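The following pair of complexes shares a single chain, subunit A, combined with subunit B in the former and subunit C in the latter.
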Partner chain A sequence: MNAEARSLIFLLACAGLVPAVVVLILHLPKFGAHALPYGDLINNSAPRERHVANAVSAVNFDYRAIDTLGEEFLLLGAVTGTVVLLRSKRGERADAPAGQVEGRPLRPRSDAVSGVTRLLAPVTALFGVNVALHGMTTPGGGFQGGVIIASAMVMVFLGEGYRSWRKSAPSVAFDATEGAGAALYALCGCASLLVGLPFLTNLLPLGTLRDVFSGGLMLIENAGVTLAVAGGFTVLFGEFLEETRVDCRSDDS
Partner chain B sequence: MNALPWAVSAWLLAIGLYGMVTSRHFIHLIGCLSVVQAATYVLLLAAGFKWDAIAPIFYSFAPGTPAVDPVVQALVLTDIVVGATVTALLLALALELHKRRGTLDADDLRPLTRERKG
Partner chain C sequence: MALLLLLAAAAGAAVVLTRSPPRQVFAMAANGLILAVLFEILQAPDVALAEIVIGAVALPLMFLVILASSRMDRAPRRPDTER
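Let's turn to the complex of A and B:
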């Protein structure tokens, strides 16, 4: 199918769909003023029944915890797929430096970049842990904290260069972190099966509202998600970085 | 004002689809897919919005204060994380494709007819 035919079909579909969408938009409930029965129910019961201040975390790790389990394995599957695709042709050798463009000299990093990232990387990692830990009380949690921790790992690469980055952050460590996080989440669900309760039942003591350690099993699930997201995103960054290695482009590799 | 959030969402979906239909480059196509995905974020967050309500976090506000819907926010949160990893998977596919066929234009990739060796 050529580009003109595709555009023509798209325009025809638009001609049919646009009036329907306009009618639909005009008949949707009033923005910001309609009833939210499910949301209100959770907002009322999360602090009371689960002792958790952050209702979004309560949805993610308790009320709809099974969805997060599925999502966790989706993440694991996507990361595994990326790694298998990229690594299968490249192999696991890591002797040539990465981050280069053919025909362009590799300039040494400036002291300013090294200095700033050396200061910022540990602070960023700490901030990520903080955001992840406070997932039950303030905006945050494993997903957000995990991504911040992964970005701290990128800063280590920026400041220290490829070789030191590979030495301090071997990819096998982050592969393991990613898998262990997903496994931890799944095992949290299995714990309640041992005592004859449904999958992912919140067994642990719930703690007190507004306490960092409130939510019982949600805290462990949150830790699993933090590990999986931090590991997964660092692995992804590493794999795409390895693609820029010089020996990847040569024909004999 | 009432229809604006829904219209923004429909517009993002339409412009992303338009980009995908007219795309001549897979990286561009993956970018357009992200735009389509952004339409779902706007739609979900708009559906859970409530005027004069707080974020659904009862740390500095007493439980019982009117708050927006936490369910759609949890959906958007997982949506973003999954979207990012799936984008990475698609980019890896594009990279492999470029290595094998030397092009990222869908029109140059007819199966069986124009196979390029090397």
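Let's turn to the complex of A and C:
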């Protein structure tokens, strides 16, 4: 297809779509004036029934906890699939040097980068833990905290290079973290089955509203999600970063 | 608010119009950050936190790694295709 035919089709599509989009934008409901009752209902009942200030967490870990369980295992399955696909081609050796693009010099890491990341990585990890711990009272929670912790691990790679990163973040540890987190969440659900209540019933004392330790079972589920997400994303980042190593698969087989 | 919407549109256009893949990755990260600020202003701080990390760290990292990995050209070369 030549360029003129392509731009003709593009202009035709624009002529059809742009008026439709404009009409749609003009008919959007005003911000905050949504028609559905669910959000208001949760906002009213979550602090009263679950003693939790962050309604989003109440939905994720209590009212719709079974959905989060599904997402948890979706993440586990996705990470496992990636790891299996990449490692089956590459092998599990971790001693290959950094790869190099042909004709591009491999410069040593500058002190400024090292210094900044050494300062920022622990602070970022701590911030991630803070966001995860306060999931019941302020915006955030297990998923957000977990990905922030995982991005702190990427900073360690950025500042210290491959070898020290591999030493400080052994893949086995994070594999275990991810699996343990997902298992913890599933076991939280099974606990209520033992006493004859429906799956994922919130058994534990709910605590006081706006306290860090409010929400009962939600806290443990939150911890499980934090572990699973932090471990899962670190493993995922690690597997992708391994792909920039020099190829050593011929030595493996 | 209107300014942010315009910025988001401009950043989105920049992602599409940038031709070199490495620069496109950074344009995409900038777009992600602008979207995160927009989420925050629209009172969705949970989504904003996730968007900052996913849009500005995870996605660019994966694209950069893929670009680096594909540039390294690790397929075993036969003598007749040697450049």
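A few remarks follow.
Convention: the second predicted complex is superposed on the first by the 208 of 253 C-alpha atoms of A that agree within 3 Å, B and C clash if a C-alpha of one lies under 4 Å from a C-alpha of the other, contacts with A are read in each partner's own complex, and residues count from 1 in each chain.
The rule we apply is simple: a residue touches a chain if its C-beta (ideal position, glycine included) is under 8 Å from a C-beta of that chain, and two chains touch if they have at least 3 such contacts.
These figures come from a predicted structure and were not determined experimentally.
Number of subunit A residues touched is higher for B, counting subunit B against subunit C.
Judged by the touch definition given at the top, the superposed model places A:L241 against subunit C, while subunit B stays out of reach.
Residue contacts after overlaying the shared chain place A:V154 against subunit C, while subunit B stays out of touching range. Once the two complexes are overlaid on the shared chain, A:F143 sits against subunit B and subunit C alike.
After overlaying the two complexes on the shared chain, residue contacts for A:V229 are found with subunit B alone; subunit C is out of touch. In the superposed model, A:F31 lies in contact with both subunit B and subunit C. In the superposition on chain A, A:V131 contacts subunit C only, with no contact to subunit B.
In the overlay built on the shared chain, the residue A:A53 is in contact with subunit B alone; subunit C does not reach it. Put simply, subunit A uses residues 31, 54, 56, 139, 141, 143-144, 147, 233, 240, 243 to touch subunit B in one complex and subunit C in the other.
Considering their complex, residues 31, 54, 56, 99-102, 131, 139-141, 143-144, 147-148, 150-151, 154, 233, 237, 240-241, 243-244, 247 of subunit A touch subunit C.
Here subunit B touches subunit A in the complex through residues 1-7, 10, 14, 17-18, 21-22, 24, 46, 48-51, 55-59, 63-64, 67-74, 77-78, 80-82, 84-86, 88-89, 91-93, 95-96, 99, 107, going by the rule given at the top.
Residues 2-3, 6-7, 9-10, 14, 21, 24-26, 28, 30-33, 36, 38-40, 42-44, 46-48, 53-56, 58-60, 64, 67-68, 71, 74-75, 78-79, 81-82, 85-86, 89, 137-139, 141, 143-144, 147, 209-210, 229, 232-233, 236, 239-240, 243 of subunit A are the ones touching subunit B in the complex. Across the complex, subunit A is touched by residues 42, 45-46, 48-50, 53-54, 57-58, 61-62, 65-66, 68-69, 71-74 of subunit C.
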